[in-house]
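Chain naming follows the written order as A, B, C and D, and within any one chain the residues start at number 1.
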Amino acid sequence: MLLKKLERMLFHMDAQGREMIRHVSQYASKNYNTTYILLYHFVLPNISLQVRFELTFFALNPELNVVAPWREWEIKGREDAIEYAKKHNVPVPVTKKSIYSRDRNLWHLSHEGDILEDPENEPSKDMYMMTVDPEDAPDQPQYIEIGIVSGLPVSVNGEELSPASLLSELNEIGGRHGIGRIDMVENRLVGMKSRGVYETPGGTILFTAVRELESLTLDRETMQVKDSLALKYAELVYAGRWFDPLRQSMDAFMEKITDSTTGSVTLKLYKGSVTVTGRKSPYSLYRQDISSFESGQIYDQADAAGFIRLYGLPMRVRAMLEKGI
Amino acid sequence: MLLKKLERMLFHMDAQGREMIRHVSQYASKNYNTTYILLYHFVLPNISLQVRFELTFFALNPELNVVAPWREWEIKGREDAIEYAKKHNVPVPVTKKSIYSRDRNLWHLSHEGDILEDPENEPSKDMYMMTVDPEDAPDQPQYIEIGIVSGLPVSVNGEELSPASLLSELNEIGGRHGIGRIDMVENRLVGMKSRGVYETPGGTILFTAVRELESLTLDRETMQVKDSLALKYAELVYAGRWFDPLRQSMDAFMEKITDSTTGSVTLKLYKGSVTVTGRKSPYSLYRQDISSFESGQIYDQADAAGFIRLYGLPMRVRAMLEKGI
Amino acid sequence: MLLKKLERMLFHMDAQGREMIRHVSQYASKNYNTTYILLYHFVLPNISLQVRFELTFFALNPELNVVAPWREWEIKGREDAIEYAKKHNVPVPVTKKSIYSRDRNLWHLSHEGDILEDPENEPSKDMYMMTVDPEDAPDQPQYIEIGIVSGLPVSVNGEELSPASLLSELNEIGGRHGIGRIDMVENRLVGMKSRGVYETPGGTILFTAVRELESLTLDRETMQVKDSLALKYAELVYAGRWFDPLRQSMDAFMEKITDSTTGSVTLKLYKGSVTVTGRKSPYSLYRQDISSFESGQIYDQADAAGFIRLYGLPMRVRAMLEKGI
Amino acid sequence: MLLKKLERMLFHMDAQGREMIRHVSQYASKNYNTTYILLYHFVLPNISLQVRFELTFFALNPELNVVAPWREWEIKGREDAIEYAKKHNVPVPVTKKSIYSRDRNLWHLSHEGDILEDPENEPSKDMYMMTVDPEDAPDQPQYIEIGIVSGLPVSVNGEELSPASLLSELNEIGGRHGIGRIDMVENRLVGMKSRGVYETPGGTILFTAVRELESLTLDRETMQVKDSLALKYAELVYAGRWFDPLRQSMDAFMEKITDSTTGSVTLKLYKGSVTVTGRKSPYSLYRQDISSFESGQIYDQADAAGFIRLYGLPMRVRAMLEKGI
């Protein structure tokens, strides 16, 4: 069930939010009945990450006190932190030689730092790790079909896969075609701008596929309400508020509204881009007989006259006011 | 001034909305002091188009009555309408042989009908008119730099161009690289689903560039407010409500908020995709000294502790309630 | 269950929307397997009511055709309709003598027409039927306590009552104190303005009580999300879209988020006004120890410094940009 | 001009936000070219107030450092602060004897502390200072007419008054009738709940009057957009972000959209309640000929049939899908 939730979550939040899941599950498995907890992830004094860790601790044990070395001691930056760790024999996966700050999970790989710190610089070709350069991708496009049940992806080209295997598979396929590179200036939790480059081949493919299927199964107004809630959902998760009744209530909404988002989407992968080439669903609201505007049993051209006269009534009332009629 | 507004509008609304401008300016130049107006654009009995025409008439002359042949007479569809026009010697630009229903303006070219009516079908290669197939695009990527002043694009690669020339130029460049093909299932004004394919190479490039520059010049909250108003703006224009005080008031907001969106964005065009490679602005809110989290005059790691304790207070209060503390 | 839903609904929609429930349940109990249905409620050619009826019919039986006499025949208004009904021996509850158009259900009584049609006119004292004039209300205020469980009112002054009995009881008590008169210019479905006066004593009391309890049990952000969904909920119901998956999904959200809205609210009724005098809840997020700003285990004044420096960072960055620092 | 803005602001923000204006204008008149500023308002270690002060300082001089005694020294609460001030001969307007924490300006008077700290307690009768108890108010209602031009109140009973005099006058009149007492549990900036009681007689009258006039001059959709921006506007001001381009841009929107909000509203004041009894405007969108549903030149009953069939199309499409038609 939690896994199900985690998977669902993948489709409602942005990349950094997902970081939390990995870290929290690590911590949650431990015993929270201590008074102090030492934040050892001190090589990354990223404010957004700290917030996510600590708010989660607050939610699980409100009496916990957090000690974070780089906030209390004389550690001014990344370099100092790595130095300190070495001196005290704390193993640090990132060495001074790695010029980028990277984070990786199943969903994505992020790059920050070095030449990226100037938003005018193009990332260098050799920085990327999950995706080939689009220029080096195959000259032949590849078609894939994603199967979706109630909003959750379940198969690739007809083969059913567990959520994790499915994402791995798509990372592999997408990476081969240079899919899912995102270079952006974003806003951290407290509003400071930062520049990051992400690689998320599988995520890009899944996001495109689910979105496209929804264009068949959800009407415009539903889409708008869902989108505005998804934005709030991402904000909460990004801000470490996973254990918030508001998020849980939005989940209840999401599960209900995606009930009929079942079907499949065909995508074409080619040198860095994903193109939708077909979509179908047993719950599709698209009807060829109505869409084509031919008059028939359901759609009658004559109805438009009355519709427009009523729909335009406020427009006419205002114009009459202006003309003194 | 109107031209300025029209140009601004290009960045706040969707493709179909722009159609209206062309048609309305045609009509607006005529004399509205008649009692009846004949909607001669009868080969396209599209409800969204009708609404746009007629609401604009209402706004300009609330006493006008509209006569639309296909609503009043025995014209059941497109075929009937073309038949009727021929019989009465009305010149019809679209012949029966053209299997797609197309609309073209400076901003875009749309395709509907024929095999597109089944959302499972991939568009055929020979349908496109403004863009080459990405597979046939040059093997070498092309870099272009878009100059922007107060939210409006003004130059390409340093050469200043009028809005129309700039868009034409980008249509040409983008089309050569297969940029701006959009295949989508959308929702018409009254909610029925339809499937359309758009070609908008210049539009895609400009939208990407302006958006990217905003990531430097606008903060997160401003972006969110602007986005939600832009959605409403597009809705109004799409629904023929150009002459609505609400739209004018949103324009006042937009002009003010994009005041500082000045700078340039460099893009890489390659086989169907647009990638941002650099952005700069004299009004950039990005600061390398803050973004890198190194402690300094402005950013102090120690502040994070207090921030998080206060920011997480509601989370702790809820957790304390649950634990009975 | 349906009753539960109806009751819940009372707290999320406006007065006119509730009308639908009564009418629809009347119809829903009949057989929908006919091809044509005659809208006999022809004395009230109110566009909002028509929409509510017909959209519900569409949802229950999409093949149904609706015949509405006043739309098809030569009936130009209310007077004509009553005349016609009399001639054909159709019993009409509203006679020509009743100068107001009224609608009444358990929740409210509405008045339209006659002198109310000029929004400058004050309603006459003798128009009201559920409430006494505040000037004639008792000189002594009355205190009542409303008990609420998971967002739904369940008791008055400690006495548990069924939803319907509770509302009746409050209509009686509130009416005696002149509570719940609402005189407003509102917007019908298609946007035309109309002026109506409502009497809803029980509704006013319940709305105030539930809202007040939520100020203890829900945090600000949750309240904002709930409010924006409630607005959309009311729009859907008002527009006859009760049987819409979007409404059902919002219901799932509402049920979850009001889970902890349990407690009681004390109100003072006096000459037309309802004043909250006390509220309590076992799930209250209000904590006296934090609210008073005294430094303690949870709240530490010193934290504010770090909080503000980070919270105000974007403000400082912008100011530094302007000053060229 | 600034005064005009301040007045406009009164209608878009909540009570606490207005506090800032007074304090900031005091400070802004001084010289900001110092490096340190001493926050002497230390008797009120309210986090929301601190944020408002300091963010404004940041905006005016980003290099300023703030020293706040109660955050740095051993001052744990209100009592300690008053003690400290006395010892150092700092004059403190609030003495230990005043059991409530109060703030007063032209717009309102707020009460916090003492028995109010338990949200179950009714405020005691002798706490109020600007308003009489409704039970002690005159037995005769009083009618007043507020004149409004472009959204700003300009006259009372036909007498033109400056903004400040107008508000004073209404405070006096409203106070006499017990108008504008608000008892609420609210959310401070960082989310902690607090309970406050406000007296704002003039504000309550003005808010009601302007709102009511808007019901004539603005259409529903405009009202909704304006409301959602007003909420954001209040949030910004409440959070000390007066000098934010986003607020300025919303101001541009507000000035444009309230252009036609001109007219007058008549209100009845009686024992604590304000009732609207009439409203009129030369720009009223209300039309008696349309509102009454009588068929005529503008409104034709027959149009409703076409309108509903098209408006209900998505409902029917979904129902057809469910029935397999």
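Everything below uses one rule, namely that a contact is a pair of C-beta atoms (placed from the backbone, for glycine too) under 8 Å apart; a residue touches a chain by one contact, two chains touch by 3 or more.
If you want to know which protein each chain is, UniProt gives these names: A, B, C, D = argininosuccinate synthase.
Not measured: the values here are computed from a predicted model.
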Applying the document's contact definition, name the chain pair with more C-beta pairs in contact, C-D or B-D. C-D
Per the C-alpha fit, the turn needed to bring chain A (argininosuccinate synthase) onto chain B (argininosuccinate synthase) (nearest 5 degrees) is 180
Distance between chain C (argininosuccinate synthase) and chain D (argininosuccinate synthase) based on Cα centroids, please, to the nearest Å. 23
Rounded Å distance, chain B (argininosuccinate synthase) centre to chain D (argininosuccinate synthase) centre (Cα mean): 37
Can you list the residues of chain D (argininosuccinate synthase) that touch 2 or more other chains? 47, 190-192, 219, 228, 245, 284-285, 287, 290, 299, 302, 304-305, 307, 310-311, 313-314, 316-318, 320
As the complex stands, chain B (argininosuccinate synthase) meets chain C (argininosuccinate synthase) at residues 219, 283-285, 287, 290, 298-300, 302-307, 309-311, 313-314, 316-318, 320-321
What does chain A (argininosuccinate synthase) use to touch chain B (argininosuccinate synthase) in their complex? 45-47, 50-51, 54-55, 58-63, 66, 68, 70-72, 75-78, 113, 117-122, 134-135, 139, 141, 181, 183-187, 190-195, 212, 215-216, 219-220, 224, 228, 231, 240-241, 243-245, 266, 268, 270-273, 275-280, 284-288, 290-295, 299, 301-302, 304-305, 307-308, 311-312, 315-320, 323, 325
Quick check on the complex: what are the chain B (argininosuccinate synthase) residues that touch chain D (argininosuccinate synthase)? 47, 190-192, 219, 221-222, 225, 228-229, 232, 245-246, 248-250, 252-257, 259-260, 310-311, 313-314, 317
